[in-house]
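To keep things simple, chains are lettered A, B, C, D and E as they appear, and every chain counts its residues starting from 1.
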Amino acid sequence: MDFSQYSLIWEYMQPELLLLVATILLFFVDLFASPRFLDKWFSGIACVLLAAVTAISCIPGGETHTLFGGMFISTPMTTAMKLVLNIGTILVLLQAHSWVNSEACKVRRGEFYELMFFTLFGMYLMISSGHFLIFFIGLETASLPIAALVAFNKQGGDSYESGAKYLFNAVFSSAIFLMGISFMYAMSGSLYFEDIALNAANNTALFVVALAFIISGIGFKLSLVPFHLWTADVYQGGPTAVTAYLSVISKGAAAFAFLWVLFKTFSPSPELWQGILYVLIILTITLGNLFAIRQKDLKRFLAFSSISQAGYIMLGVMANSAQGLTALVYYILVYIFSNLAAFGVIASIENKTGKVSMDDYNGLYQTNPKLSLAMMLAMFSLAGIPPFAGFFSKFFIFASAVNSGYYILVLIALLNTIISLFYYLLVVKAMFINPNDNPIETVKTNCYGRTGLVICVAGILVLGIASCVYGYLSGLSLTVGI
Amino acid sequence: MNFLSLFVLIPILMMAGLAIARDMKQIRTVAVAFSTLQLGLAIYTVLKYLAERAAGNAEEMLFQASTMWYEPLNIHYAVGVDGISVTMLLLTAIIVFAGVFASWKIEPLSKEFFLWLTLLSIGVYGFFISIDLFTMFMFYEVALIPMYLLIGVWGSGKKNYSAMKLTLMLMGGSALLMLGILGIYYHSAPEGAPLTMNILEIAGNNAIPHDWQYFLFPLTFVGFGILGAMFPFHTWSPDGHASAPTAVSMLHAGVLMKLGGYGCFRVAIYLMPFAAQELSWIFLILTGISVVYGAFSACVQTDLKYINAYSSVSHCGLVLFAILMLNNTAMTGAVMQMLSHGLMTALFFALIGMIYGRTHTRDIREMGGLMQIMPFLSVCYVIAGLASLGLPGLSGFVAEMTIFVGSFQHTDMFHRVFTIVACCSIVITAVYILRVVGKLLYGAVQNEHHRELTDATWWERLSAVTLIVCVAAIGCFPGWISNLISNSLNAIVERLS
Amino acid sequence: MEYTVFILLLPLAMFLLLGLLDSKLKPRVAGILGTLGMTVCTALAYFTAYQFFTQPRNAEGVIPSVTPYNYEWLRFTEHLHIDLGIYLDPISVMMLVVITTVSLMVHIYSLGYMHGEKGFQRYYAFLSLFSMSMLGLVVATNIFQMYIFWELVGVSSYLLIGFYYTKPAAIAASKKAFIVTRFADLGFLIGILILSFFTKTFDFATLTATPTAIITETAGATFLGCSVASWALALIFMGGAGKSAMFPLHIWLPDAMEGPTPVSALIHAATMVVAGVYLVARLFPVYCVTPEVLELITTVGAITALYAAIVACVQTDIKRVLAFSTISQIAFMIVALGVANDTDLHEGLGYMASMFHLFTHAMFKALLFLGAGAIIHAVHSNEMSEMGGLRKYMPITHITFLIACLAIAGIPPFSGFFSKDEILTAVMHKSTFWGIWMTVVAGLTAFYMFRLYFRIFWWKNTDCSHHTPHEAPLTMTLPLIFLALVTCVAGFIPFGELVSVNGQPYHIHLDWSVATTSIIVAVCAISLAAWLYLKENKKPTAMADATRTLHTAAYRRFYIDEIYLFVTHKIIFKCICAPIAWFDRHIIDGTMDMFANVTQWVSARIKGLQSGYIQSYVWILLMGTLLIAAITICCLL
Amino acid sequence: MELLPLAQQVLFYLLAIVIVVCSILAVTTRRILRAATYLLFVLLSTAGIYFMLDYTFLGSVQIAVYAGGILVLFVFSILLTSHPGESCEKSSLTKRILGIVAALTGAAVCAYALFTYQWPAVDLIETGEHPIKALGHALIGMDKFQYLLPFEAVSVLLLACIIGAILIARKR
Amino acid sequence: MEIPMIYYIVLSLVMFFAGVYGFITRKNMLMMLISIELMLNAVDINFAVFNRFLFPGQMEGMVFAIFAIAIAAAETAIAIAIIINIFRHIRNIDADNLDDMKY
């Protein structure tokens, strides 16, 4: 046993370790503290713990380092991605506060936070992995507990249905994924990413099948078409906080991991997966949009919107360059703020009134001007309207794809933004234009939710204008050496 | 800080001011104060520009300033103006000023209305001062989106449909544009040299390969052309204008559509002169059709705003048409036409709004004899009409003649024949303008209820008179503005030859 | 002679003053202000004329033209720029005199005629605007300046015809006038474009100094078998033809009579309508290099003259008769220009004749219109049938009207005789056919004018028990008398000394053979008119019945208006505009909507993909994966 | 296991037949309890395959976890959710066709890929069974081809899944 | 070892796609779960076989199979919990009944 490695592990696995520590702390608090204390402080403690983990460990720096013989890779960019995920998770936790502390849910409050942390841990593993086993474990850790979270609501609703749909799809796709890995293994004799890149015969049918199966497995998490069909049902039925979590954090992590796997593992044959992705991106963006335009349930609507957003995110993967990596992480960051702002509004209104239909939002501006504005900003940002952050992220991700020569693909994506603008505007229209005699009553959000929303809105407003964020990420991604 | 940035800063302050304003009176005060300030700034810019030029400053763009924004992509916040930009800035300031008065009594949500209007104007100002493609494009889109809410909330008629159509079509244009801009960016410098978004640097590098120009030129030209109401992408314009509230129609037809023309030559033609020459014939046909087609369509419309919208299609078509002639005179004419059309169409829409506000109909078949009821508005309408049909002494004539003479100087027979086709529009214009004037203003009063209507209020008068004075001023003394523009065009035209 | 600029600025100032203050001024004040302004203007014009014509002639015996003022207004290219300036040469000075004179008379006359009308101030504003534009037109230094003022007179004419804007007929007439002339102006504009493209100048002085330049510049360039130069000049003439109401662009002028009568006198009789003649005269040296265009001009003029004269014979509205008479008379001038040539003074007789006739015609036609105005003022109708025997009630009007009729009929010693005689001489000299043709027209002129005269002042003895026509007030009769005097003496002005084709003095001498013929024809025609119309009788009706078809056709102006109406409404509106508008809404816009609808439709059709069943989801997932694999394998291998 | 080639072949074909038949029966039988039983046979045969391949540890894990743990869970939940003797109604024809299409296409694609692949000729050294000690070291080592990190990670996963399962399965 | 590797692989493919067939056709969610077990099991065989026949010197495949079994157990646990949850809600475990949310 080589104990000298421990210091390295401590140094480079800090986010994972601290997150586990935080989870365990949370356990103990949940176990031993009095119910009244928990009611009052538990959510706060969870947020603070996560924030602390973030502050201590997720500051990108240092250099690229591999641990466990290449199983775990820590680069400044992965740390940055963890930072992004943490920020998103904190926002989700803030928004979840009022729901999870409600009478119906508070008995399961502890589990909610713990599972949240566990899945986050899984995502960490995914994005830092250098080996398919770790990757697979990370993937499963990030998805199985989520199935439990999706089925979180016990009273009424479609939560149970969503949970089942999510789980069965996840399990099926993980079986396919495993099949793909087994083929990979057959070709390379090792599941380390760099070994596969070295050994796998990339112009054989077996390689293609393996690649397709792997893409399918990760594409499921990303909800790329045609692996996306669970998305809408799960988003619609799941608790809003979990949906938000799924739509941004889980998706963001998967996107980054996907890029990571493709870069690391399949870099010798980029044409191959780029060809596949080319089609998938077009399908994803288009079908996502086509379905989104006819949705009335806002959560379902955001599900399809998030599908098409996943297509845009994939453009960064297509670019297959440091610029693409930067753009992707930046896009995810912006997407987190924008989408969480939308979910924040939906959650606040759903908690108070139980209404999630777009028609219920008619005339919202009359009674809830601030929420409407936040929602509008979110929609504009998602649609890529300047001066909101979404415009910048979209521009950069398109720029990265164009830089790699994908003009037609970008053109198709751009034309699709028109459709997406249409449905984002439908929401805006409902809130600002459509008349309504009895709009939703004025909703007061608590300070957690409000903080979450304010941060999101600030992010939407500032992230684009403040170029330092992109510049910083760009600097980091250059060190990765793609 | 460069004083050009004030063009963006003042509206931002204006938005802040509006946000804290409490009642209608304060809102108006803020709006008037800031738009006047902005107008002053625009005039100051023009004067300062002229002074600099007189002092012998021969730089292509004056008052340049550039701050690194996105370093990885070499994106700057870069500003600078030439004669064309200052003209457009002045136009914008005038129309915003007039627009504020035209929406004196906007209801409901007046504060929000002015906020959105101001955001729109930020986009427009920003667009005209930018010399960095990215910033330019960003401001361009900033200017587009407020339209949706402005029409959707404060519009009339089938406003939802129109607002959506307008927004989506324009976004379609900007989608093409974004790709075009990215394409330009990635070919902006020769191998090895750093890529750049700065228009002047791209033009200086002159590195866009010819086969890429073939691809990028149509993208950018159509992208901007959609906003410039180029046939067959003009259909957002009639519906959009018909549904929009007064000040929005003014600003949109008066300024926003000019973004299209301005962009067409600042980006498409200036940066890709080769393709501009090779491909101009295609767009010449399209814009030539626009000119005549818009005019013909206007002849049989019955809704005042539709007439005007189609007339805008025709006039803006002329702008693009002239730009494609690629010579100094025609392009000067194009810019003057932008200016002139901006002013007179804003005047038109202001007047239509005022009439509609009283009669609650825009159907010319339901009105008549307004001259007896509201003489002031009617006289203004006649003046606007005369400007539109190109009466000497008003701006339309100057612009159109410059375009025609310039276009006809083209050495190619094809271009000259098309110029003659475009000339024909002046007759058709006369037909539809006089038709409206005859039906709407003259004759007997159609609807007895209209007899009780009042003539213009002071703010309406102020709004209309401001515009009329400008229209007449340009029409009577076009020399200085023509020189201002044509001197700035020399650089562009040199690149074309 | 820098002060000449005030001839333009003064009316402009008046226009702005009266136009902006409008109803804030008392009508009376406005009228007097306008008239005063015009008086000063007239004085200036006379003084200019005096100064100009008394200049010493140069070595070739030509009065040197003067450009006292020229300002570069708008620069297009190095060579092409629009200047606003004042160019004084014999014809422009002559025109200055004509315009200011008639305009002043009309100003004075209108004080009485328009008294009490609503919009009196506006009326004077428009009159000032018109005067300014017309003066600007004639003193233009370059063709583009002319075009500018050309458009301005068009608009003033539009505004003045539509002065009674509540009267549907007036609105229609004003619209028609504007659009028809606008259409013609399109030709003018295109002509200018072509001309300037080849000659690289707008300047009259340059153009006329080297008229052959256009031929050399356009060497070989032809279009549809004619040289480009011919096209350019023909198109420019089209502009002139529109303004001067030449067939077939004449249709607006008769309708234009819906405007106030003094306006008709000023614009549609004396000044604006001769702009076309003036335009051709101005560019005459250039026209001379393209004889085929001159022939075109002659033909158009001759046809118009005959056509208008025939139509005038059967009209019953007195202003219409005068309008057609105007068309016919202008056609005389046009024909005269068409037959002229600039090789020498003798060949160029037509030019001089044309200008001379322009001058005299302006006076007597204005007189006729003002007289007609007085009559209408008295009987409140335009229709001949309402009149008759007015000579007793309106002696001054009667006498002055008679003088004018004699002048237009070509009876010596009235001015018309001299000018018309020169024209006939010139035409006869060029071509006997056209000579006889024009003589017939001259006869017709005498006939219809005296038909008019007898119908108004003789015919029957009205018993005006309910309403007695009375003589017009002094403000109206004064101009009549003045103009009548001018008509009497104008023939004796040594016009040829001042205006001629190459500027050298030309001594007018009557060709007695032509003169005698024309006098005889005129006298015969007058006698015929007297026979038919002196006393109330059935002969005219009988004659009309006898030539029913011709009469009706002539009365309906040979259906030209109907043809126009058909073309504009049935073809342009119904077959071009409406289909285009339909096309735009349904095809172009439909396509855009279709994108949206197709998207929605597809969206609705594919909703089944999202069936809600886990198993179908995984099926799609699996098949998708396999498909990707299979396709990639196929592509790869 | 040291077996004669013939015996090995016989054993293989025996296991193969059991696996194929029971797999198919497991997914087609209409009685759910029987399906579980067929699954058990499949799992046990798979363990047999592992034993044949000299992966005795793997085979034991297979029996312990699958046959011992998972299947018991299955049986419990079957008994919990269905009435004894109840048989599922037949699947619809469309579904079956779709299922067959999917299965056959998938099998075809994979088979094509596998059969066209040029398998490297590996010397079939009789390495015999991996020493269990080596396996143990591998599971707690931190170098390449050692699996401490997944080992720990999977424990977290299991913990998370336990919590998740309890969370969902309990009544409140 | 005279049995070629490909025989084993075919065996696993049959098992895998039998699982696929079952997953797609069976209504009962427990049956679906059983099918999934088949699929996962087939993958495990793959790993073991590849390891044995192609890379006999190391044990990457075998270890992966062990982990895969563990993960399969975890999946099953959650799945059964969810099935029970569903049973509680709708008193049966037919996958076809889970179609409240669609389109």
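Basically, a residue touches a chain if its C-beta (ideal position, glycine included) is under 8 Å from a C-beta of that chain, and two chains touch if they have at least 3 such contacts.
Here the structure is a predicted model, which is why all the values come from computation and not from measurement.
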Work out which chains are contact partners of both chain A and chain E. C, D
What is the touch distance from chain A to chain C, in steps? 1
Can you name the chain that lies farthest from chain D, using the mean of each chain's Cα atoms as its centre? C
Which chain pair racks up the highest number of C-beta contacts? D-E
Taking all protein C-alpha atoms shown, work out their mean, then name the chain whose own C-alpha mean is nearest to it. B
Chain B-chain E separation of Cα centroids, rounded to whole Å: 65
Distance between chain centroids, defined by C-alpha means - chain C, chain D (Å): 102
Cα centroid separation between chain B and chain C, in whole Å? 37
Taking each chain's centre as the mean position of its Cα atoms, how many Å separate chain B from chain D? 70
Chain C residues counted as touching two or more neighbouring chains: 596, 607, 610, 612, 614-616, 618-619, 622-623, 626, 629, 633
Two or more other chains touching the same residue: where does that happen in chain D? 95, 98-99, 102, 106, 109-110, 112-114, 145, 147, 150, 154, 157, 161, 164-168, 171
Residue numbers in chain E touching two or more further chains are 16, 19-20, 23-25, 32, 54-55, 58, 60, 63, 67, 71, 74-75, 78, 81-83, 85, 88, 95, 98, 100-103
Dump the list of chain pairs that touch, please. A-B, A-C, A-D, A-E, B-C, C-D, C-E, D-E
For the chain A and chain D complex, residues of the former touching the latter: 1-2, 5, 20, 67-72, 107-108, 111, 114-115, 118-119, 121-122, 125, 131, 133-134, 137-138, 140-141, 144-145, 147-149, 151-152, 154, 163, 179, 183, 186-187, 190, 192, 201, 204-206, 208-209
In their complex, what parts of chain B are in touch with chain C? 165, 168-169, 231-232, 234-236, 238-239, 293, 296-297, 299-301, 328-329, 369, 371-372, 386, 389-393, 397-398, 401-402, 404-406, 408-409, 416, 419-420, 423-424, 426-427, 430-431, 434-435, 438, 441-444, 478-479, 482-483, 486
Under the touch definition given earlier, write down the residues of chain A that touch chain C in their complex. 164-165, 168-169, 172-173, 176, 203, 205, 208-209, 211-213, 215-216, 220, 225-227, 229-230, 232-233, 272, 275-276, 279-280, 287, 290-291, 293-294, 419, 422
Can you tell me which positions in chain B touch chain A when the two form their complex? 69-73, 75, 134, 138-139, 141-142, 145, 148-149, 152-153, 159-160, 164, 167-168, 171-172, 175-176, 178-179, 182-183, 185-186, 215
In their shared complex, at which residues does chain D touch chain C? 95, 98-99, 101-102, 105-106, 109, 112-113
